[in-house]
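Labels run A, B, C, D, E and F following the written order; every chain starts at residue 1.
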Amino acid sequence: MAGFRLGLINPNTSVADTEAMGSLVRAALPADAAVVGLTAPGGHAAVETESEHVTAAAQVLALLRLEPDLDGYLVACFDDPGVHAARELTAAPVVGIGHAAYLSATLVGRRFAVITTLRRGIAALEDGLDAHGLRERCVGVLALERGVRDQGGADAVAPIVALGAHAVEELGADALVLACGAMAATAAAVREELGVPVCDGVAFGALTVHALWRAGLATSKRNAYAWPVG
Amino acid sequence: MAGFRLGLINPNTSVADTEAMGSLVRAALPADAAVVGLTAPGGHAAVETESEHVTAAAQVLALLRLEPDLDGYLVACFDDPGVHAARELTAAPVVGIGHAAYLSATLVGRRFAVITTLRRGIAALEDGLDAHGLRERCVGVLALERGVRDQGGADAVAPIVALGAHAVEELGADALVLACGAMAATAAAVREELGVPVCDGVAFGALTVHALWRAGLATSKRNAYAWPVG
Amino acid sequence: MAGFRLGLINPNTSVADTEAMGSLVRAALPADAAVVGLTAPGGHAAVETESEHVTAAAQVLALLRLEPDLDGYLVACFDDPGVHAARELTAAPVVGIGHAAYLSATLVGRRFAVITTLRRGIAALEDGLDAHGLRERCVGVLALERGVRDQGGADAVAPIVALGAHAVEELGADALVLACGAMAATAAAVREELGVPVCDGVAFGALTVHALWRAGLATSKRNAYAWPVG
Amino acid sequence: MAGFRLGLINPNTSVADTEAMGSLVRAALPADAAVVGLTAPGGHAAVETESEHVTAAAQVLALLRLEPDLDGYLVACFDDPGVHAARELTAAPVVGIGHAAYLSATLVGRRFAVITTLRRGIAALEDGLDAHGLRERCVGVLALERGVRDQGGADAVAPIVALGAHAVEELGADALVLACGAMAATAAAVREELGVPVCDGVAFGALTVHALWRAGLATSKRNAYAWPVG
Amino acid sequence: MAGFRLGLINPNTSVADTEAMGSLVRAALPADAAVVGLTAPGGHAAVETESEHVTAAAQVLALLRLEPDLDGYLVACFDDPGVHAARELTAAPVVGIGHAAYLSATLVGRRFAVITTLRRGIAALEDGLDAHGLRERCVGVLALERGVRDQGGADAVAPIVALGAHAVEELGADALVLACGAMAATAAAVREELGVPVCDGVAFGALTVHALWRAGLATSKRNAYAWPVG
Amino acid sequence: MAGFRLGLINPNTSVADTEAMGSLVRAALPADAAVVGLTAPGGHAAVETESEHVTAAAQVLALLRLEPDLDGYLVACFDDPGVHAARELTAAPVVGIGHAAYLSATLVGRRFAVITTLRRGIAALEDGLDAHGLRERCVGVLALERGVRDQGGADAVAPIVALGAHAVEELGADALVLACGAMAATAAAVREELGVPVCDGVAFGALTVHALWRAGLATSKRNAYAWPVG
C-alpha cells in the first residue's frame, strides 16, 4: 500500500497557520505520509464569526476541488465549515478538527470543557455540540475574550491555563478542548501545566483520517453524501 | 519513540476470537506495533446477554490488571463492557470496539444502521446509542436472530447483506455498523457486496488507540477516571 | 410609520423563482409594503445538496450586502442557508422560509410531516429539525424523489397529495410542511385536496418578518449576532 | 378580504389587563382589524400558580365558546393555558402569548433568558420550554420574586433591567423574554435601557395570529385538533 | 400508625367507573386502608379530548378541596389532569395513574408500548412521555380507534390483545401500558393472553401513594408545589 | 396470598450495612413480610468507583442465584449495579434503590437535587439520570467530598443539611435524593432539619417491589429480559 497523502485544508488565508498545523500533523503521521497544505487564496485571515464561517465553507470546497485525488482531508478550522458538503465531493474520508477534538475528549475523559476565543462564539459552539449529541458531556464552553490572532504564542498559555484550572477544579472537567486551530500550538504547554488531556483536533484529526484510510473506511456515496448530479 | 504495544482485551473465553481479531488489528497497525492478545480465563464463550456482559466487564478488569503497563487497550466486545471502569485503572488510553465503530460511522456517513445478532439485545444497543448521544444518527437497530457463535463464517455474509440492503435502500442508512466482534471477519465481504462503509470497530478501534497514543492523549486522571484510592 | 420594505433574498439564480415567490409575498403583505426581490448573480439554478447550500449561503450574504438598509429580510431557500450569518450583518430582522414553515406548522397542528424533493436531503432536514428542537413534533420527512426543477407546476400536485395523504392518514400528521421554496406555488392546491394546513414558509415567512418589524423586534446586536469587528 | 377580527382572551378577571393588552394589540394590527377583548367572568385576578392555571384554562375555553366565530384568537396568559384544548374548538388559528414570545426570541437572538415573577414558577416555565424543544436555547429562567400584580408600573422597570443586564452580560443572552402578560407594558422601557430585544408575546402574538390568517393557515381539523365528537 | 386513607379522585361523572376502580384499589391495599371514592359532580362522562382534560383538571381540584385531609390521593384519569396543581393544594402525596403506569412499566420491562383509545390522542400521550423523559423507552403509542365508553367489557379484550401482540412481537415491547382508566378492568385478561406485564396504573398507583406515605414522603411545600398565597 | 419475601441484595461486604438497611425495610413493609438480607461474600466493603461497581454487579448476580425463589429483590447500592442483568435471571420484580429514589423524588417534587459522596462520581450519576430521562428534572448533583464509610453517623447529618439548604434555597430543588445506601440512616434527620422530602430509595424501594408484587406485575420474560439460553 503506497504512502498516505493527506490534504490539510486551511480555510483561512494565513500560510503561517497552514505551516504551523502542517508541522504538528507531519510529526504525528507515519514517516512515509505526505501532507499537502492548502491555504485559502481568498477570504479571511482569521475565521471567528458566522459570516466568516460561510466564507470559510466555500473556501474548503474550492480547495478540495483543487486537489481532488488525495487519500483523505482534514478541515483545519474548529467550526468544521463545509465538512458535510465536502463529503459530497469526494469518496476519501473528510474529518474536521472540531469533531476530531470532541471525539478524542470523549475517549480520554467522561466530561470536558471547551475553551474558545470570543464570547460571541459560545452559542454556535454549543449548537455544534448539540448536533454531535455531546452537549451533556460538556461542562461548559468558556471564552477567553482574546481573538484568534492572539492565540498560539507563548503569552497565550497562561489565560488558557487559568480558565482550564477553573474547568477542572470547579466544573468537573476531566479534559479540555481548545476550540481554535491556532491554539493547537499551545496545547502541549497547557497539558504540561494542568496535567489533563488537552484536545485540539489537529494531530488527532490527521491521525483519524489516516485510521479511516487504513481501515478501508471511505466516505459513503449512498444517500446523504452521494455525488451531486448535474 | 519505541514501538506501540496494544492490549487486545477479549472478554470471552475463545482464543480463536482473540486470534481472529488480532490478525485484523496487526494488519492495520504499523509494522513495529506489538499486539498482546488477552483472552478471558473464565466467563462465557460468547457474550450476548446483560448477565453475560456483567461477567465480561469483570474479565476486562482482570485482564487489564494482568498487563497493566501497555501503551493502550482495545476492549473487543461490542457492548464495551467495563470501559469506564478500565479507565480508572490505567493512564493509557482505553477504547471499546462499540464506541469506535459508532465514531467511524459518524465520520463516513450521516446516518447509519446497526446490525446485531439477537432481538433481545436491541434495547441495550439503543440505550448505548443514547448514552453516546447518537440515537438520532441511527436509522435503526436490526437483528439477524442469529447468535454470536454463528457469525464470522462464509454463510454469515448473506443474512447481513440482506438486512443491510434494506437499511440502505429503505431506511436511508449511509453506513452500517456490525454490532459484534465476531462479525468483523465478514465486514470486508459485506462492504464489497453493498458498496457502503461497514464499521466493525476492531481495526479502526485499534488505530484509534494508536492515534490517541501518537497524539499524546492519555486517559485523564482527574475527576471521573481518577485512580481509585484505598 | 413609513411603509415596510422587505428584502426577498433568493439564493439561486432563477429570476422566475424570485418572481413567483415575490407574487406570493406581495399578496400577503399590506398594500403599502415594498418587496425588493434579490436573485443570486452566481451559484446554482437550484439548491438541493449540501455543497450547493454552501454556495447559497455565500450568495445570501452577498445579496444582503447589496441592499443593507431594508426593514427586514426573508431568506427564500428552505435550508435557511446563511441565516445565522446574515443576522450578524444587519440589525433588521432576518427569517428563513424553513424556520417560518416549521413555526407555522407548530401553531396550526400538533404533529407535522415534511415533504421534500430528494431522499438524499432527508438527513439534513432531520438535523435541521433537531437544531430547532422540533424533531419530536415531526412524524416523518418524506421524499418525492423529484427534484426542485420539477416542482411548482400543475403535475407536481398529485405526487405531493399522495405522500401527504399517507402522512395524515397513516402517520398521524395534522399539517404538512413543503420543504422547498419552489413548492410554494402548489401549496394552495395541496391544501384544497387534503383539507389540512400546508405550510411552505414563503408568505408566512414574509408576514413574520413584517410582524417582528411592527412589534419593534430587531435582530439583537449583543452576543451571538453582534456586528463583526475588523 | 374583510377586516380581521381577533379574540383577545384574557383568562384573568382584570378588565384593566384586557384593556392594557388590547391597546398594544390594536397599535400593532392593521387599522381595519377589530379586537374583541374577552375577560374571564370568574376565576382569579392574577394567574401565577399551577392551580390558577387550571382555572385559567377552563376560562379560556368558556370565553372562546362565547365568541366562536372570530378570525383568530390570542390567549393572553404566558403559561398558554388551554391552548391545545382551544384548538379543538375552532378552526381559526389560536396562539398563546408564551409560545409567541419564545418564537420571536428565537428569530432575533440565538440565546434568550426568561424573566418571570416568582421562583415557584421556574420549573413550570422550564417544562414549557422543554415541551417547545427550546430549553437548549434558553440561558436561564430568572425570577424577580415580585408578583403579577406588581408588574406593569413604572417602578417595575428597574428590577427587570437589573436581572436582564445580568442575563445579557453574564449568561450570554441575546434577547429577553418577559414571562407575564402584565409585564408587556414595560417591555419598551426595558428594551430602551438594555438595547436588546425584549419579547413579551402580546403584540407579536396578535400579529402572528394575523399572519396565519393572511397566509390562509387555519387550525387543522385532522388528528390531534379534530372537533370533539358527542 | 393509624390506617391509610386514600382519596380516589375520578374526574369523570361515572360512579360506575369510580366503583370499578375502587374495587381494584381495595383489593390491592392493606386490609385496614380506607378508600374514599370521589366522583366528579359535573363535567364529562368520559374524558378523551384535550378540552375534556381541561374540565377534568378543574374537577380534580374541586374534589380534592372537598376532602382535603386524607393521607394521599390517586388521580384516576390516564392523562393525569391537574396533578401538578393538586400538589399545590395538599401536603399529602398525589399520584396520577398515567405516571404510575409508566413507572411500573419501566420497572418490569426495558421497552413498553402504550395502547390507547383514539388516534387523536396519540400526540398528547407522546408529549406526556416526553415530559416524563420516557419517550425513548416507548416503542409506540397504538390506538384501538374504540372510545373510552367501549372499554372495560369482555369484548374489549380481543382488540387490545391483537394490538399488544403486534407490539411485543414486531415492535419489541417487553410490557404494555393501557392508557385509560376504564381499561384497567381488562388488564388481567390481557396479561393472561399475552404473557407480558400489563400496566394500567390503578392498583399500582394506589400502592405507590401508600408506599410514599409509609416511607414518610409527603409532597414538598418548598418551591414548585408551595401552598398558593392569597 | 402468603406473605411477601424480599431479597435485600447488598453488593458490598458489610453485614452492618445489610442490617441497617434491613431495619429500615422491615419497618416499612407489612408485618407478615419476610426480608432475606444477602451480603456479598467478596468484593469491596464500600462501592464508590466504576471499577467497584463492576465487582458489585457480579456480586448482585451471584447473590440472586443463591436465593432465586423469592418474591422480589431490592438491589441496595445507589448505582443500581447489575439491575438489568438481574432481571434476566428471575421473573420476580427487581428494583434498584437509585431508580426508586429518583422515582419517589419525581412524585413529591418537580425538581430535585442529588447529594453524593465524592466529586469523582458526579459524571456517572448524571449519566444515570440521562439514562432514566430525568436529567432535566435534576437541578444539580452535589458532592460532599466525604466517602461512603463516613456516612450514616450522627456527624454526617450537618454536611448534608448544608448542601441541601443550598440546593433548596439557591438551586430551586423541591426534594433531595441521597445517592448512597449508607446515607439512608440519616435521611429522617435531614428531612427534619430542612423540611423537604429526602429520598434514599431503601424503604421506598422495598415498598415498590412489594407494590409490583401486589399488583401482579412481574419482570417480563419477553424480549430484553428474556431468560438467557444455553
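In the analysis below, a contact is a pair of C-beta atoms (placed from the backbone, for glycine too) under 8 Å apart; a residue touches a chain by one contact, two chains touch by 3 or more.
Everything quoted here is computed from the prediction, not taken from an experiment.
J.: By the touch criterion stated at the start, how many steps lie between subunit A and subunit E on the shortest route?
T.: Between subunit A and subunit E, the shortest chain-hopping route counts 2.
J.: Which chain is most remote from subunit E in terms of Cα centres?
T.: Centre of mass proxy via C-alpha means gives A as farthest from subunit E.
J.: On C-alpha atoms only, rotate subunit B onto subunit E and read off the angle in steps of 5 degrees.
T.: 120
J.: Please tell me the distance, in whole Å, between the geometric centres of subunit A and subunit B computed from their C-alpha atoms.
T.: Taking the average C-alpha coordinate of subunit A and of subunit B, the gap between them is 25 Å.
J.: Taking each chain's centre as the mean of its CA atoms, how far is subunit B from subunit F in angstrom?
T.: Centre-to-centre distance between subunit B and subunit F: 31 Å.
J.: Could you give the separation in Å between the centres of subunit C and subunit F, each centre being the mean of its C-alpha atoms?
T.: 51
J.: Of all the residues in subunit B, which ones touch at least 2 other chains?
T.: Within subunit B, residues 84, 110-111, 119, 122-124, 127, 130, 135-136, 172, 174, 223-224 contact more than one other chain.
J.: Taking the top-of-page definition of touch, could you list the pairs of chains it picks out?
T.: All chain pairs meeting the touch criterion are A-B, A-C, A-D, A-F, B-C, B-E, B-F, C-D, C-E, D-E, D-F, E-F.
J.: In their shared complex, at which residues does subunit C touch subunit B?
T.: Touching subunit B from subunit C are residues 119, 122-124, 126-127, 130, 135.
J.: What part of subunit A is in contact with subunit B in the complex they form?
T.: 28, 30, 84, 93, 95, 99, 103-104, 106-111, 132-137, 168, 172-175, 188, 191, 195-197, 199, 203-204, 207-208, 210-212, 214-225
J.: Across the complex, what residues on subunit C touch subunit A?
T.: Those in contact with subunit A are residues 48-55, 57-58, 60-61, 82, 84-89, 119-120, 122-124, 127, 130-131, 223-224, 226, 228.
J.: Spell out the residues on subunit F that touch subunit D in their complex, using ranges where they run on.
T.: Residues of subunit F touching subunit D: 110-111, 136, 172, 174.
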